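As structure tokens, here come the structures.
First chain A sits with chain B, and in the next complex the same chain sits with chain C.
For the complex of A and B:
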């Protein structure tokens, strides 16, 4: 059974968002990492880049397959999890903690409010 | 089903589409065609295509990003090795007039299946095609081979075909509400100087500071497997022959589902 922490927001594309003030930490969910298998590479934007909600912001690679990552919210990247360069497996091991990908200074907090809550995301997993 | 035939989209076309004079553009055509498929501007596609006309290697974006990857690629180019960058995962592969490619470019749907399903969809017809030529091939990993993975096609315990994928419009193997496409790709070494290609790949990894190494004895060409079939043919002529064969074979495979 996949973990779906109650304090996070989610997209239908299996990204999570943790909101701290005006900062959004972004990663992929436990369900997603489990479906992807062993992650060997994460390609992320540089600090200072601008993300646009629902646009791609990076890729992950597992089983020789590259997949698109989508931004759940818009804003400026203020921090990138550089640890994932050497240790991409952290996305598998701790998707909600050490496996976070980028921190974004949100330009529109309403975008985060509109995302799925944990109950809605769990229902989405079951449906899909 | 063995070959995952239920994943074949309705209306799939089989076409030979390439631009061998511009090797990177030839690679980039994958994305352009895939985006057209994802938007519904083009039917689902089985693309048969040849490598560029010059000997070289194909790298993944991961290859370039790790260590001094960009520097190592530039050094190889300076030596005359054609280096192209692809959108699928994995590690370096041989490129050149003796390499042929097969790409499935399918739209993402609500139930797009799994990466394993697409690897099987890719390798099952290739195994049948080889079987029709009297060649027994199996899928499996082969440590030390170029771009190793669970879905290599192996002949006599040597790698003849490598496979990889890219999923656009969301994560692989999960439902996505966004439009996008799935690229499942295979490349076959038909008639390649494997010693030269292996040396280039290993030079790339050595110069970029990565420990990965390819072992020459893990690879084989179709010419080595079927020497009589390609007597007196150049690498390009061998690949052209395979491309013609695949056009017919995959045309029939797609229309009948096997």
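For the complex of A and C:
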């Protein structure tokens, strides 16, 4: 059974968002990492680049497949998890902690509020 | 659409096996992790469900001559107890399938074919049996195949059989019992490691699967899925039908020339293959490594000197080498070892170089 922490927001494409003030930390869910299997590369945008909600901002490659990352919210990338360059397996091991991907300064906080909550996301993965 | 299932499906459906569709079958792509399963086979032992593969029996006075005419390798050299790998081709030299021929007796053979090609192969063979003294039967449904692969596979299997496994040489087989079940024990595999393939009655497969996993625990056995099967076979540069081989790709183009005996008595596809060889190959399957980050995936375009020269047929991040590796079907002008080209990975031209294969060769 996949972990779905209650304090996070989710997209249907299996990204999570942790909101701290005006900053959104973004990663992929436990369900997503489990579906992808062993993750070997994570390609992320550079600090300072702009994300647009629902558009791709990077890719995650596992041994068996490659998957696009979709921005849950719009805003400027203020931090990138550089550890994932050397240790992409952290996304498998700790998808909600050490496996976070980017931190974004949100341009529209309402976007985060409109995302799925834990109960809704749980229902979404049961369906899919 | 529903897919076929092997007799082991109920076992992995209730465990952690992740099921995907493969060639019309519901198969496990992984049980724990492709990387862990891959390492288990390279360093210890892994267990694969290969029961989706097809098994045909050819028996009768004309069996040997019939197979000699149907496949490109030389069946006449086979003695009872020996296994032969061979492509099978159409008249135009395109590949019907690649398969194993087991010589059970001088007039009795087992042919093992790819799961996705069972119906096509059977029809193709059947079409050529007219007037021949032989019986061709499809026993795929009744036969299960479990593969025990890795350096510890003999240690494990010896615990379950009275047959002295050290007497079975590579690409040889014998019949015996494993865990009390009648089995054809074959020293073959699709991983580049030492190992055995066990052909048993389909009804016996679940019990054998569980016994092997239990008895192999102290050796570090892992159940392995199709994901690891693919990374293992690719490191060993073993072709996969539908990728390196197809009706559009001849065995010569796929680099399997040593399994094409153009000088034996006539066989289907011989003329086309002889002509292709004489004219010189226009394209070849080559091994390559990426010189930059990325993973080459099947279908990606390969370019050199500003033009498209071919496409990737298989690719992965090699778990053993920790390097992106792949096979590509390219214009023969760019097939020499050391030739640089680029692979188009989602719009970016990523550097690559032709290398010698196999990517991995066992040293024991």
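Of note:
In this text, the second predicted complex is superposed on the first by the 127 of 128 C-alpha atoms of A that agree within 3 Å, B and C clash if a C-alpha of one lies under 4 Å from a C-alpha of the other, contacts with A are read in each partner's own complex, and residues count from 1 in each chain.
The rule we apply is simple: a contact is a pair of C-beta atoms (placed from the backbone, for glycine too) under 8 Å apart; a residue touches a chain by one contact, two chains touch by 3 or more.
The model shown is predicted, which means the values in this text are computed figures rather than measured ones.
When both complexes are overlaid on chain A, the residue A:13 reaches chain B alone and has no touch with chain C.
By the touch criterion stated above, A:67 is placed in contact with chain B alone, chain C being left untouched. Contact with chain B, but none with chain C, is seen for A:128 once the two complexes are overlaid on the shared chain.
When the two complexes are overlaid on their common chain A, residue A:59 makes contact with chain B and with chain C alike. Contacts of A:36 after superposition on the shared chain: chain B is touched, whereas chain C is not. In the superposition on chain A, A:106 contacts neither chain B nor chain C. In the superposed pair of complexes, A:24 makes contact with neither chain B nor chain C.
For the contact definition in use here, the residues of chain A common to its chain B contact set and its chain C contact set are 35, 37, 40-41, 59, 61-64, 66.
On the chain A side of its complex with chain B, the touching residues are 12-14, 28, 31-32, 35-37, 40-41, 43, 54, 59-70, 128. On the side of chain C, the complex with chain A involves touching residues 18, 29-30, 33-35, 227, 231, 293-295, 297, 316-317, 319, 346.
Those residues of chain A whose C-beta lies close enough to touch chain C in the complex are 35, 37-38, 40-41, 59, 61-64, 66. Note for the complex: chain B touches chain A at residues 60-62, 65-66, 87-90, 110, 114-115, 147, 149-150, 163-178, 180.
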